[in-house]
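These are the structures in question, set out in turn.
Here come two complexes built around chain A, the first alongside chain B, the second alongside chain C.
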Partner chain A sequence: MIYSFYVYRRDGVCLFKTTYHSVDGDVEGDPEAEDEREKLVFGMAFSLKELIGQLSPMDGSTGQQIDCPLGTVKTKSSTMHTYETLTGFRFIVYTDPSINTMQHHLQAIYRIWVDKVVKSPLVKQKGGGYDISDTEFERQAKEYFEKVPGFQR
Partner chain B sequence: MSKVPLSRTGDIVWSRTSKTNSELFTLTYGVLVAQLLRDFEGVEEVNRELRRMGRNIGVRLIDEYLSKVSLASPSTPPCTAFRQTGDSIAKVAFKMFLGITCDITHTTDKKFVLTLTENPLSTFVEVPPSREGLSYAEILNGVIEGALGAVSLRVKSKFMKQIERGDDVTEIVVEMIERIKDGVGEGYKDE
Partner chain C sequence: MTFLHLFIVNNSTSNPNTNSTGIETIEAGPLTLRCLQTPTGLKFILTALSPSPPTSMDDALAEIYAVYSDYAMKNPFYELEMPVRGEKFERGVRQAVMAKEGKGGYLR
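Then we have the complex of A and B:
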């Protein structure tokens, strides 16, 4: 089951978020708690990546740390899937632990993002980011996720 | 590991891209430059405006580039050295957005020169002596700077030679200035 989906830009500003299935004790409807959660999600992805970056081995030939993007964080109750583009967009989706990989799905979502947000002249730039009042992305992303096996359970 | 050559990747992406008539493209760009020349006082300002427009285009194009290349050649890893970045621009990016490839010369590890034997932006164009100083295809520099800026590379891109000014080829020199550090924004400080 897919719970929720977030898009962040490089500096952590949340550009898009939606909940497909709420979980118990969900904060939906409480804007303050929702904001808090949105920050926690990014904070976790960001800090984990930093941490892993420091622990990862050096590349012998270049003397640089091997870049290792964060993929999946799995717990008994839920799984966080992340996909980070080189341009700094982070696509994060929360699912139940039965879904093993979402990487290629998130890449497909990135392609929708490029088509419907980045290339769309209707989407306004907002302080270096994008203002997603465009519902076309929202609609297509939902359509896509609904076809992912395990969306509904 | 079998790797798809860059030029092949460029061809694949190009074949899948929807295209526009090249003359329409050239003339539309010509109209844009002509309008800017009417709107602004001097050629320097026009150059600056073209570069600014290019940057805004670049930050968007890079996303299209990344998403399409990862689809056409999933095994291609991200560039790790500036040399690779240059090769990718010359063989893939120019092919997918302008339909041409250009030759590349790496002068140092942080600097390369792109040589274009034709420039689709400036077909039919000759810069008249009264507009000397106009960098007609300046938008290209902006695109390169904007696109690489979005992937944390601050670069300086400028023309050495320009066909429309009477040179035999167009040469673009791209030099890396620094790598932009990743960091979180305002909302996360003090937390």
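Then we have the complex of A and C:
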């Protein structure tokens, strides 16, 4: 089951967030708690990336650090899937632990993002970011996620 | 050749009885980090490059827990909540990891 989906700019500004399924005891509906969580999600993705950067080993033949992009973080109750683009956008989706990999789905979502947000003249700019609310991206992302096996439990 | 980092974090959480769900696995491309949390709030963390099969990490962690019980907890000179030192413990950990390397291949 897919719980929620976030898109962040490289400096941590949340460009888009949505909840597909809420969990019991969720903060949904409380804007302050939602803002707080939005910041925590980015903070966790950011600091885990730093941690992984320090843990990733050297390649013995080239002497360079092996590239280890942060993929999934599993706990007993949920799994966080992240995909970071070369331009620093972070696509983060929370699912239940039964979904093992979402990487290729997140890449597909990024392609929708490029088509429907970056290339679209209709999307308004807002403070250096994009105003995504109620756009084609929102609809197509929802449509895409609904087709992912395991969207509904 | 790849490297293997092994961290054993002797971490007492503030309340060991809560059913908190800490991080179990982090997958970052070829790197996998796996954490075993014991009911007493101890955390054993193992990182590996492309372990195959991934469950071999769980086996290694379980074995390291057994080694910890044998050579740290049963050691009369070991003080609780202190870093684990001891030749037998270190040898035991190395053996547990090496045994899995032979089967699954952590090191290449």
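One rule holds for everything that comes next: the second predicted complex is superposed on the first by the 142 of 153 C-alpha atoms of A that agree within 3 Å, B and C clash if a C-alpha of one lies under 4 Å from a C-alpha of the other, contacts with A are read in each partner's own complex, and residues count from 1 in each chain.
In this text, contacts are C-beta pairs under 8 Å (C-beta built on N, C-alpha and C of every residue); 3 or more make two chains touch, one makes a residue touch a chain.
Computed from a predicted structure; not experimentally measured.
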item: Three-chain arrangement built on chain A, chain B and chain C clash or fit; value: fit
item: Partner chain(s) touched by A:G43 [first = chain B, second = chain C, both, neither]; value: first
item: Touching partner for A:V118 - first (chain B), second (chain C), both, neither; value: first
item: Which superposed partner A:L70 touches (first chain B, second chain C, both, neither); value: second
item: Touching partner for A:Y110 - first (chain B), second (chain C), both, neither; value: first
item: Once both complexes are placed on the shared chain, angle at chain A toward chain B and chain C, C-alpha, multiple of 10 degrees; value: 120
item: A:I52 touches, of chain B and chain C: first, second, both or neither?; value: second
item: Touching partner for A:V13 - first (chain B), second (chain C), both, neither; value: first
item: Touched partner set for A:T85, first chain B, second chain C, both or neither; value: first
item: First (chain B), second (chain C), both or neither touched by A:P31; value: neither
item: Least Cα gap, in Å, left between chain B and chain C after the two complexes are fitted on chain A; value: 12
item: Overlap of chain C and chain B interfaces on chain A (superposed complexes); value: 67
item: Touching residues (chain side chain A, partner chain C) in the complex; value: 48, 52, 55-61, 66-77
item: Chain B residues within the chain A interface of the complex; value: 59-60, 62-64, 66-67, 70-71, 78, 80-81, 150-152, 182-188, 191
item: Contact set on chain A toward chain B in their complex; value: 10-13, 39, 42-43, 46, 62, 64, 67, 85-89, 107, 110-111, 113-114, 118-119
item: Contacting residues of chain C [partner chain A, same complex]; value: 1-5, 21-31, 33, 47, 49
